[in-house]
Amino acid sequence: MQEIQKIAEDMEKARYDLQFKYIVGILEAKIKIINEQLSEKSGREVIRTVLSRMKEPESIHAKLERKGYDRDFATAQEKLNDLMGVRIICLFLDDVYKVANMLKKQSDIKVIKMKDYIERSKKNGYMSLHLIVEVPIGISEQPEVKRVEIQIRTVAMDFWSVLDYQLIYKKDVSGAEEVSKELKGYSEEIAALDRKMLKLRNKIEKM
Amino acid sequence: MQEIQKIAEDMEKARYDLQFKYIVGILEAKIKIINEQLSEKSGREVIRTVLSRMKEPESIHAKLERKGYDRDFATAQEKLNDLMGVRIICLFLDDVYKVANMLKKQSDIKVIKMKDYIERSKKNGYMSLHLIVEVPIGISEQPEVKRVEIQIRTVAMDFWSVLDYQLIYKKDVSGAEEVSKELKGYSEEIAALDRKMLKLRNKIEKM
Amino acid sequence: MQEIQKIAEDMEKARYDLQFKYIVGILEAKIKIINEQLSEKSGREVIRTVLSRMKEPESIHAKLERKGYDRDFATAQEKLNDLMGVRIICLFLDDVYKVANMLKKQSDIKVIKMKDYIERSKKNGYMSLHLIVEVPIGISEQPEVKRVEIQIRTVAMDFWSVLDYQLIYKKDVSGAEEVSKELKGYSEEIAALDRKMLKLRNKIEKM
Amino acid sequence: MQEIQKIAEDMEKARYDLQFKYIVGILEAKIKIINEQLSEKSGREVIRTVLSRMKEPESIHAKLERKGYDRDFATAQEKLNDLMGVRIICLFLDDVYKVANMLKKQSDIKVIKMKDYIERSKKNGYMSLHLIVEVPIGISEQPEVKRVEIQIRTVAMDFWSVLDYQLIYKKDVSGAEEVSKELKGYSEEIAALDRKMLKLRNKIEKM
């Protein structure tokens, strides 16, 4: 409890919320342009929603604990990649990769890691394309870089993840295992649906 | 061509865009509050996206023609309910009806018509709950009322409708019929998915 | 202290922040339209900034005390007109009255009081046009009405008021009286400037 | 006329509007942070308004002509610093310089020129602090840099400039010279007012 409090205080001292707003402002400006470029090229809307969140002291603490790290904000900044998070929700499966490619092409941010949980979903069925990017922050004299986790997924995958998220808090409840299995099944159904809709879209576009 | 031009001019004369912005401003303020009230009650996000659009002169003209009405803006204002449109996209199936109920409870707008294309989808597979509401507009001395079509649907239904929309422009192309049939099939699949996800959500919430 | 706490709790119970957001949403939509209508007519920008604020429990309590009322939220809602406040900052003196006239013409809000502190400034030099309006709130079954204080002033008057506001917290400090007198003098200077700039603008427009 | 048309087309080809939106997005994120930092330090609001504009083909053409340059978009990009413009309006005179200093400290933008039209106003009375900055644009593979003119001024100076702007279009009209002289006089009055208000603010803050 005291450790969480300490993390919260250190975040405030560092004015982490200002840093977050700045970084997210840059990325959202970038994503807007990417969306306009891709939408113009394809003649249809590509990105439906962009969301962003700053990780709360409680879940920073929980993650440090789970990973066996020291439970303070300095360690969090060094070890965790998802203190700042941006989610991009696309309509179609191929759009996810198009957006990722555009992000990789930007000369002023650096993609330092990419994990494709669509190609190979997590054990529980979670699907998403994860990019860890470094964004320069220039709000003081020393140039610095902040890491951001960007999750790119389809609306269907995003819908699935809402239930997955609700399950986190009920892990040890009786019946949880059965529900998890059922949810995993829907993940495969959703993946199949995304592929079929994409195929049909391609068919329509070629007509 | 001249008729479309005339409709565009009459819309400009009536400053229809200003009226649209005002009406949509009111409705968006309302929907925001409804979302916060419902989200607070249910402990999860209820509305994911709100979109709005003003019908373009071209499609006003096309609709008047299709319905056999006189093709001018006065007739459009009298006969068509969807010159102004707002779309509310919810995560779960039951949220669609919760949002509709909240809209019906508002004392200053009036729901004059409701069509449930979820209960009974359109022939092509289209699903959505449609409300026609009357919103008072007080930007001049005479009180007046504007009709708005509010479409409420799930993210899954909305995803489906993107392809449906693309098909409109390819109706007479060869292969369109087959594609339409395939798309209709996915509509049923999506409806089934929405029901299963809702059932599972209810199970999780009761755990 | 306990009284302030109680006011804060009652505001939260009534979800006063949601009511505020709704009411301000309506008014801002209205003011936007008014700005576009006036700007179109005059061929120049009319409103420069719109700000809004909800009165904090501390200052609600202080105002109730100063006026000799019971110090609770129910009394505040009944007696105080400025729990919700909107400020409209115009470029020129005549624009202030044009905006006020447009607000009076709106059929769905009601101006119940108007105080012209420009025609006759407050003793300390404060200038602004104050309207108390009633805005219908329809977020539940019972129609209801909320009062809002709308302050309309020029950029020059608004600039002046920043210093006036800083003085509030230093009323009893030595030197305050002299500073107040000096500030009052600037108020007259600003009023004269506004009149001269308006006169010159009219001259330019007639050229 | 044809030259203006050509400039408009070249801007469209280069998708200059997208570039503008991106650059302005970055700068606005930066200015927001600067405002929060300065406001926190001084305990009062520092920046009142931020505006931005992209120079129109007509006025690009007029400026190229006035300066004796070739009248095409390539030349404009090379020679003109104000194709993209951002205006920051502060409450007090010293805030103008505080904001400028913060902008100079940013490690990822470069101030390449600064002109102080407050210290020494233009002949017609125009006052403002002008910074030309270079902002990196990374929306494609090749890193690039865009120049932006940032004008920083007080609300009082900004008020003055509205009339100055209206005069531009009436330069050759009879009576213009007299009006110009009158306006120039008000510029000095405004400068004096800004200095007096600042002095009084400092007095209040020290009380």
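Worth a mention:
By letter and in written order, the chains are A, B, C and D; residue numbering begins at 1 in each of them.
The definition used in the following text is that a residue touches a chain if its C-beta (ideal position, glycine included) is under 8 Å from a C-beta of that chain, and two chains touch if they have at least 3 such contacts.
Keep in mind that what you see is a predicted model, and the values were worked out from it rather than measured.
With centres defined by CA atoms alone, the chain at the far end from chain D is B.
Interface residue usage between chain A and chain B, two copies of one sequence, is largely shared: over half of the residue numbers at the contact are used by both copies.
Per-chain CA centroids place chain A at a distance of 29 Å from chain B.
Note: centroid distance chain B to chain D, computed from Cα atoms, is 42 Å. Multi-chain contact residues of chain B, defined as those touching 2 or more other chains: none present. Under the contact rule defined at the top, the touching pairs of chains are A-B, A-D, B-C, C-D.
On chain D, the positions that touch chain A within their shared complex are 15, 18, 21-22, 25-26, 28-30, 32-34, 36-37, 105-109, 136-144.
Chain C meets chain D in the complex at residues 44-45, 48-49, 91, 155-156, 158-160, 162-163, 166-167, 170, 173-176, 179, 182-183, 186, 189-190, 193, 196-197, 200-201, 203-205, 207.
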